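Here's the structure we're looking at; comments come further down.
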Amino acid sequence: MATEAAPAPQPTQGEETPLLHRFLEGVGGPFTFVGREIFELIRVFALTFFYLFYRPIRWREVVRQCYEMGYRSMFFIAVVMGFLGMIMVMQTGLQAQKMLGDLSMIGALFLQLLFRELGPTITAAMIAVRVGTGLAAEIGSMVVTEQVDALRMNDAEPVQYLIVPRVIACLFMTIVLTCIAMVISFASAMAGAYLMFDLNPRTFYNTDLLIWGDFITFAMKSLAYGIVIPVIGCHAGLAAFGGSEGVGMATTRAVVNASLGITFVDFALSAFGFVFIY
Amino acid sequence: MIGGRLLALMEQLGGMSVLAARMVWGLVTLRADRTEFWRNMYRVGVKSFPVVAVTAVLVGAITVIQTGQVVAEFGATSLVGWGTSFATLREIGPILIGLMFSGRVGANNTAELGTMVVTEQVDALRALAINPIDFLLAPRYLAIIIMMFMLTIIGNLMALLAAAGTAYVLLGVDMRLYYASFAELIELWDFFSGIIKAVGFGSAIALVSCYFGINTSGGAVGVGRAVNSAVVASAVSIFVLDFLLSAMLP
Amino acid sequence: MIEFIDIHKAFGPKKVLRGVSLTVDKGQIMFIIGASGAGKSVLVKHLVGLIRPDKGRILLEGQDVTALTEEEYYPVRKRCAMVFQNSTLFDSMTLLDNVALPIRKHFNVSMKEARKRAIEKLELVNMADAAERFAADYGDGMRKKVAIARALTLDPEFVIFDEPTTGIDPISAGIVDDLIRDLSERLGVTCIVISHDLRSIFRVADRVAMLYQGQFRLDGPPAAYRETDDAVVHQFINGLPTGPFEL
Amino acid sequence: MTTGHAMIELHNVTKYHERERVLDNVSLVVDEGQMLGLVGPGGSGKTLLLKVLCGLVKPDSGSVLIDGVDITRISPVELSDVRKRIGMLFQNYALFDFLNVEDNIAFPLRRAGGMGEREILERVNELLERVNLPGINYQFPNELSGGMKKRVTFARAVIAKPPIIFYDDPTMGLDPVTSSKIFIMLEEFQRTQRTTSICITHDLLGARDICDEWAMIDEGRLVFRGDLSAVRASSDPFVTEFWDGAL
């Protein structure tokens, strides 16, 4: 429950110019908004973490959510990652041909980039779009039709009853989907390289550039995304209010916050990876 | 199952092309509502600028970390400027800004249209003998495309600045050197191809979000579902378009 | 006058209208009542082309308006305005702009002229002082009045009300009922009201037709409903829980 | 019928919504076994008052006593125990769309625990019989009509035999016949279980003879409290205008 904002202190000398007041509010506004948003996210995350160990987990619901999130978004992610593979190969191939003349290293370079950056981040972006919005829409409409209030009346805390299974399922599915997506992406890249620059797939597939650091970055990123996406999606859903318009706002908020969240985490972990691992 | 899904896909594509034709027709014959157009230009543009700006800055930094590091490995630190800005201008900028745009603008557009359909406001428009496509959809379609075009230009600029900054901080590449390699190796065409892609993404996002918005059904749950399918469809169309445009453009 | 001739309409397996015929004379307040989902608003939406019939014809002052294209329906809709159940005002605009919108779109007059006419219409429903406010600041009754003002901007001969008093409190419902009565007397507008609000039926209606299982069960003045011997009508009109009436 | 033991007490409860008082110093006492009708214009804070009574919303000031326990000053665990003794019929049904009718109705008992599965199912079927909806155990909420959903929500609210029940506009948007069936069900349950309950409604005609006492709320303030005869005797224009035609 939002605490009551303390009334603004009365200015001592004469009437405070409303312009200054409004200006400060204008400047401060976005920061307080972002601040409150982050604070609420941390609160939901802490609650989820607490309930993870406190109450029994509804495993049947987790499995159902895995199906809902994983299987249903498989086709969509496969298409996107397939195209991604081909696009990256085409771009790097064209430039490498123009600049360096030799194409042998494309495969290795692409694999490294895939592990470090493209694989986890782009898959997570797609999961944020498909699953993040889905969660916000589903939970948002449950809030708007007062189902969440009904849950609370029957001693089922929404975070524990609804969100914990979804977070676990999403975490698990993010890792699984990222691996599958990378295989698909690499396969289509290999095909692309063969078709466009008739580069022999065997030379395309070489892993000498891969170092342990890449696997660590990959694992860190997928784990982080796997938690960030559902928490943001569910939080946006829970904060919905006011009829169908509320559900609309919740879904928009989910996809924007999730995309921003992913970009921030990507930046932080890439910087971390760069400084420590390479 | 596969047949059913393909059939649904074809039906959607058909519906979208019909809607696109009618929207463009509404624009060409200037029947689209001006005040609605300017209102949307403000809402789409100004409201999504901060989000796009933050994404652009982070994208610039991330590009430097990834591609810069590869180029440095080859010892060609002078090429860092070229490497990152090439990738940003052509590929990563339009895609990531497009994804953020499809979230911030596309989802919002679908949600708003969906709510108007579900609360019978669209029926009210038709009952007042006002064509909803001319009044609601055509202005939004144009506003989203124009705003995507402008925001990508600004986004690219911010991404490059952020990239230059990160290159200096992380790789110690001097700004002047970064700018030199940028000015020397980047052709104007790299910049334009990125912008063409951005406009392509913008029109896809606008069309998809308007289509799923106006075809919403089934109360509050329907709005949520419409936004979900709109954002998914925008993401797919961004990558498909990117592939096609990259292949066609030199 | 308006004539519905033998209208059939089904949504998938559910047959909503089974050969319904009705004539509405000019200048009277016609109520169409029946259980929710009995097809009341479906029937009326045929008149303005929001729904197309499977079978049957609709005549508006002799002109056949059964299956026109969207463009051809525009003149029809200018003559038959419609007020929806949840008073569909556009939240992004002020009340004045809401009412000025149709004027601006149809009479290509300057914005100032459109606003002036809109104020006149708002005075009709005595909401003129709230012109610059937004819809969200007002309760259901007030919003409904503005929605009615907006429907009047095209000076229609017929106004259709889709459940005007459902889900709003008795005071606002009373205001809306008086407004409908006022429209009919002062402006000579023919009102078709879809409702299952027993209070407004006996307070305002000139003529009442009851739709039951896709057919008209009884069509006559409100008094006919008081002493009807038809068990189904009797049960419905008095809201008795037991009896032959089923959904 | 009332034993004079105060079951529900509100002492000058106030709630702000962005610097505006949506509940303004409300004080109310409902004795055990009594049924209080809560009426007032749309958006006057009726539903909010029920949510405060359920502990779903925390008031900014004032105290809320359920059977002598002040729920604004107890721990969440104790609060959930108090809630087990409260049944709530939500305005837009709040049926879980991921559960079928049987699981929806059985949900409170399964959550509370301490009862065998067989006995729970027996209780569910008995209630379905009572609301004359036998055999729809495996249907899902979206397949039901408005009236059916109301009855399923009612069954869910009363299955755990709570001593207190809150009804949030149980007959909104329903036609007269279904509304009176719902009211009959409420009254019959009220008589047999001797529950204390508050019923929000706009259908004064239907609820008139069911509620023992009436409370009227306008813009967050309690403006009237008394039984039907007090309503008839009242000179306050707000009361008389609100009730005209339904007395």
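A, B, C and D are the chain letters, set down in written order, and residue numbers restart from 1 in every chain.
We adopt the following convention: a contact is a pair of C-beta atoms (placed from the backbone, for glycine too) under 8 Å apart; a residue touches a chain by one contact, two chains touch by 3 or more.
Predicted model, so just to flag it, every value in this text is computed and none were measured.
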Task: Chains in simultaneous contact with subunit B and subunit D - done: A, C
Task: Chain pair, A-D or A-B, that carries the greater number of C-beta contacts - done: A-B
Task: Averaged-CA centre spacing for the pair subunit D and subunit A, given as whole angstrom - done: 41
Open item on the list: I'd like to verify one number: the distance from the centre of subunit A to the centre of subunit B, where each centre is the average of its C-alpha atoms, in whole angstrom.
Closed with: 18
Open item on the list: Taking the mean of the C-alpha atoms as each chain's centre, how many Å separate subunit B from subunit C?
Closed with: 43
Open item on the list: Need the CA-centroid distance for the pair subunit C / subunit D, whole Å please.
Closed with: 33
- [ ] Quick one: which residues in subunit C touch 2 or more of the other chains?
- [x] none
- [ ] Please list all residues of subunit A that touch 2 or more other chains.
- [x] 145
TODO: Give the residues of subunit D that touch two or more other chains, as numbers and ranges in rising order.
DONE: 97
- [ ] If two chains touch, include that pair; go through all of them.
- [x] A-B, A-D, B-C, C-D
Open item on the list: Please output the residues of subunit D touching subunit A within their complex, sorted ascending.
Closed with: 16, 51, 54, 56, 58, 60, 80, 83-84, 86, 88, 90-97, 107-108, 111-112
Open item on the list: For the complex, give me every residue of subunit B touching subunit C.
Closed with: 33, 39, 116, 119-121, 123-124, 126-131, 135
Open item on the list: So in the complex, the part of subunit A that touches subunit D is made up of which residues?
Closed with: 1, 4, 142, 145-147, 149-156
Task: Residue ranges of subunit A touching subunit B (in the complex, touch as defined) - done: 30, 75-76, 79-80, 83-84, 86-88, 90-91, 95, 109, 112-113, 116-117, 125-126, 129-130, 133-134, 136-138, 140-141, 144-145, 243-252, 255-256, 258-260, 263-264, 266-267, 270-271, 273-275, 278
- [ ] Would you pull the subunit D residues touching subunit C in the complex into a rising list?
- [x] 39-43, 145-147, 172-181, 183-184, 202, 204-206, 241-246
